[in-house]
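Next up: some structures, all given as structure tokens.
Here chain A shows up in two complexes: once beside chain B, once beside chain C.
And now, the complex of A and B:
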């Protein structure tokens, strides 16, 4: 009797485990997904070329650096309150400069060397940031702002002028005319890798530490190790972002970084990743990046001429506030529902007490 | 249904001598030995020569007023804080980190309810139980362990996959208790673990603790509820000003003994009989008040000079009712009417409540009272700022004078007005908050479980103050989770069930047993009950 009872309750339990999680995911992803849908519909009218094989190929190439950058920022943002990585823009540009100026010009343009360099340097740099934030308890904003400034300067020291060439394989990535490109597979591979990562115990620990590091610490979970680990995971994706930026630019540009940081932060927040730590999903962040990228396309179709860059900044700002507002609306609806259930009391308790 | 799987080693089985409360002569080795521990924070000596010996199989209470160093001791025992001086040996070792302590079989339920918002109940339950990269158990195994345990503790089933965010404080308290139990500890430390639980739940917890002690677990217990200590503790070590002043055996643990040791003999524990007074005209009128959807209406009249008690089990609407009277929540239906100086005010918002002269004091100081980043004086003056500004600049002179007045009346012990409010003990923080309300000269005082986590001496001061307020002709509404408090202070107690008034118990019939019976739905039905 006990055995059967247990089995039944286990099955019920695991079914119950899925339903609310799916509902939670749906509310968290609603805002970026709605924005994305609206943009795709708009572009179907204003820029139908996007839906050609060539259009998709160039969209993949152009959006990959932003998507991977935002993917890199996600674990870092989840792992600590205020865990926003401002260094990403100039650092990705540094990888771009390093690949072109140090590797390719010295004959090390083969994929193995490029991937090893980008991912290795990405992990190395994030390890430093992670130790400063996780072990020395410095504020993430300050540490990563320092990283931003250091690489903004360093890039120009290494390479004062844009220039250089990329190896043939990266040239083909950038010039793809069909959606069937290695870059698309790289993005899909990253998605699968993240999905696998998000199911690990370590990923759960990242969320728990980000949600309440004090509770985690007194319960025996080391916030330092978890945060350093989250930065290392981010380092892998930031390395890949450096490679895809090189494929997009087809050369090295030391000045690319500054605006990229702001775009990535906007995408992250539009994607529903909370800067309070502990909350957010990579899927949301990626959709947020796609949103930001598609907004650029829509603005491009408006033929604004020289005022385009001002208008686009204005629109990014409006979208950012709008997304936060929408997010808070869905949040408060859930909150009110919770309060109502609480106020009426749990029927089960009353039944037992009668 | 045995869920908490435990291997009892022969040496863990307690000798009957310990359960009887006597010092064992040649029994098992102590589970916890603390000797001469000192810990300072700046120039505050939190622990100053603290020693405790606790054995496997006993429920050992650690007793002391707020500020006597109990919580610091708990942090030292759980290796959250290293001691400055002295020896700590738990199960023969001195763990160097909370993780090492947990792995060594020491589990702690801290006073602060430490949960991760946004994470599921299950993840909160098994927080820290997993390794950094690998989980010890599958989700299925975790659910199979967690659900029966929570059900046994809470007498209620709960979906462990839900996020913890919307759960009430009492459920969160059970979750942190269950987290400690899931580690199968050999030393279990509970710091005010019943603070957020109602009496019935507390009793269930103590029955669990007694079972664990029977299995050879050493339970260290901190509680301000004397009744819990006298009925459940095998021995009690009393701290005063960070030092151990004595250890009582089971027979010696009485309210008087504890109070005498804690206060150094200066405090008399006698109950002053409520003074017979004529009540004034009606001051508060609740008319068909509904506080939750579907709950029965509440009707009541409180006279000037009366202390009306509110009693209810957790989740039956008592905090909601007092918050509605204080204008923090809007009533769903019906009215809250305050009559003052012949004028009637209807309270629907905080602004109405302020105009009507309603002062609100909450026992949940972190959420409903303190600004932890501000000083004692700034916290005190919060309700006065609007009135004491000159050309838009706060004039602190009058506020300071008011503070001196109130701190004499309430005997607040703060070294400096400018020190951060968090440097005060819980009892003194509560006094600052009460002083804040009184400084605005309210006509009505509404209290939401004001003695939660407050030491006994402060409680006594507070009781005297409430009687004084009533004698001045103020109407007082007191919700408390401690029934004895209500019975001592009030002429009438309204018992709520399901958000409506279930019964009103008046003087003559007012006993703890009657109130408790009403809370469990057994008293005679009052006006508003369904």
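And now, the complex of A and C:
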């Protein structure tokens, strides 16, 4: 009797806990979703071609690299405070250069080789970053900034000029005329994979370590292992981002990096992933990526000519600041005060404060 | 003797990063002398000093931001915007001192804005300043492209004094580049301010422990705003000096300084976690980076390859003295 009573009350308690969590999810997703809706309405007037079957197909092709990049940054951002991966832009460009310049031009353009290369290198690089950040406990900013520099240089060393061709199957990915493309299924598959991942204990541990690594350590988790694991999960998605970027460009471009990083960081923040660590959801990040992508479409309809590149940077920068500012008002960065104190304060002080 | 020894040891411990970085500097210079003919000449030294000045001035702001526990990634964009803006204003016949004041005011205002938002969103200054930087440079490019074909560059006549300020044969103090004097003067000024003024002590206090500093009534918001405004001002100074060096303005003039300012701070030994280090450390870091850059050029690496090598060098250096404590040490 008592046992059953406990079970019932536990169920009630967990339901009671779940309700506010759903409400919290709704508030976190509201802003990016509203922005997304507004952009879709704007584009219905300014760029109606988007709503044709061809338009949707090219939108899927063009947005897939950004969506997958942001999906890769999400577990990394959740796993450590300040865990922003600035290296993503040049690194995805590096995968693009590697696929075209090393694999395809040497006759290894089959899907198995390309997927193995992209995901393998993606995991390998994120494993290194994860070890530096998780095990050596270096600041994520300096590690990923070094990665940014190394890959922007390496891309130009490997391939000084844009060029090269892609294999037939990637050509078909890029030239799709209906939404029924392999890329859409790839994105949906990633969505399902993420949903399954987010239900694992490991995903919960990632949140705990990112939110409070002391509490995680005290409860017997290894922050090092969890952080490295989060990076490896990101590595899978970043590999897929490299493949979809190759399908989009239909060649190799070593100079893509900087603005890609800006777009991905902006999308992540717009999507409500907190750089304070421990908070954020992939759905928000993906909606943020769609927002940024649609903003790019709107900028494209303005017909700016040669000024388009810096006007888009200006707009992305402004959106980034706006989203950060909004986040500070609605409290999606709440908790950072406590964490910063813990991170920088002496043990004695933080013990007293807690 | 017995009383002095522990004190010496403590001072050596506190200055360990400085000892390491000075040794590294010595090593790189020796490497240069041995492997590159003509490295040990007055002309090379003067060019090194000039190149170090650009990086050094911009790194002053980055150091102070790092002492506070933040980072300023807007530096390259402020440099680019100041570079473009100054020449554009001069082309439009704005008197020189007014043009410089206007550029400085705009840059300081954007820096202050970045500082204010970074203060509100503690720990996220990286993305805040990235956003502010892109906006500032975008606005500058929008302005200069208003009546011209391109927003990427401005051509025009750079004032003579600015050219000779960044020349290695200026005839000033035995051909010392005047930019180096500006660098050393600014460094001395900021070093004094960090040691002797309430603002400087407040920066160390906030970087070391925000809560304790708050209890001591250190005005946190004002300091964040002032520090990021200072960083924008030093970056703008570098931008204007680069104008004299390259005799034309380009939007990506600041690009190399995104990473190198952070690297100079870290290599020097200032902790990015805040509260530890100082401006003198960064001077050594700037010298090391400049000499390494010169070595790589001397050994025939092109610009992308230099980037790769410097990017790979930084991680082991940070691993030597920039590691955060394990959670077990903080429980």
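Quick note on the criterion: the second predicted complex is superposed on the first by the 312 of 354 C-alpha atoms of A that agree within 3 Å, B and C clash if a C-alpha of one lies under 4 Å from a C-alpha of the other, contacts with A are read in each partner's own complex, and residues count from 1 in each chain.
Simple rule for what comes next: a contact is a pair of C-beta atoms (placed from the backbone, for glycine too) under 8 Å apart; a residue touches a chain by one contact, two chains touch by 3 or more.
As the structure is a prediction and not an experimental result, all values here were calculated from the model.
Legend: residue contacts after superposition of the two complexes on their common chain; A:137 is shown touching chain C, with no touch to chain B. Look at A:204: by the touch rule set out above, it reaches chain B but stays clear of chain C. Within the superposed three-chain model, A:278 lies in touch with chain B and out of touch with chain C [touch as defined at top]. In the superposition on chain A, no contact is made by A:107 with either chain B or chain C. Once the two complexes are overlaid on the shared chain, A:229 sits against chain B while remaining clear of chain C. Contacts of A:168 after superposition: neither chain B nor chain C is touched.
If you count the residues of chain A touched by chain B and by chain C, you find the higher number for C. Of the two partner chains placed by superposition, only chain B is touched by A:219; chain C is not. Residue overlap on chain A between the chain B contacts of one complex and the chain C contacts of the other covers 214, 216-218, 337, 339-346, 349-350, 353. Contact residues on chain C toward chain A in their complex (touch as defined above): 69, 71, 117, 120-124, 126-128, 130-135, 137-139, 141-142, 145, 149-151, 207-212, 251, 258-259, 262, 266, 272-275, 302-308, 310-312, 314-315, 318-319, 322-331.
Across the complex, chain C is touched by residues 81-82, 84, 86, 132, 136-139, 141-143, 145-150, 152-157, 213-214, 216-218, 223, 262, 265-266, 269, 275-276, 306-307, 310-311, 313-318, 320-321, 324-325, 327-328, 333, 336-337, 339-347, 349-350, 353 of chain A. Chain A meets chain B in the complex at residues 2, 6, 9-10, 13-14, 16-18, 20-21, 24, 200-202, 204-205, 207-208, 211-212, 214-222, 225-226, 229, 278-279, 334-335, 337-346, 348-350, 352-354. Every residue of chain B that touches chain A in the complex is listed here, in rising order: 1, 78, 80, 97-99, 101-103, 108, 110, 114-119, 122-123, 127-135, 139-140, 143-144, 147, 154-157, 159-163, 165-168, 179, 200, 291-295, 313, 315-317, 320, 498-499, 520-521.
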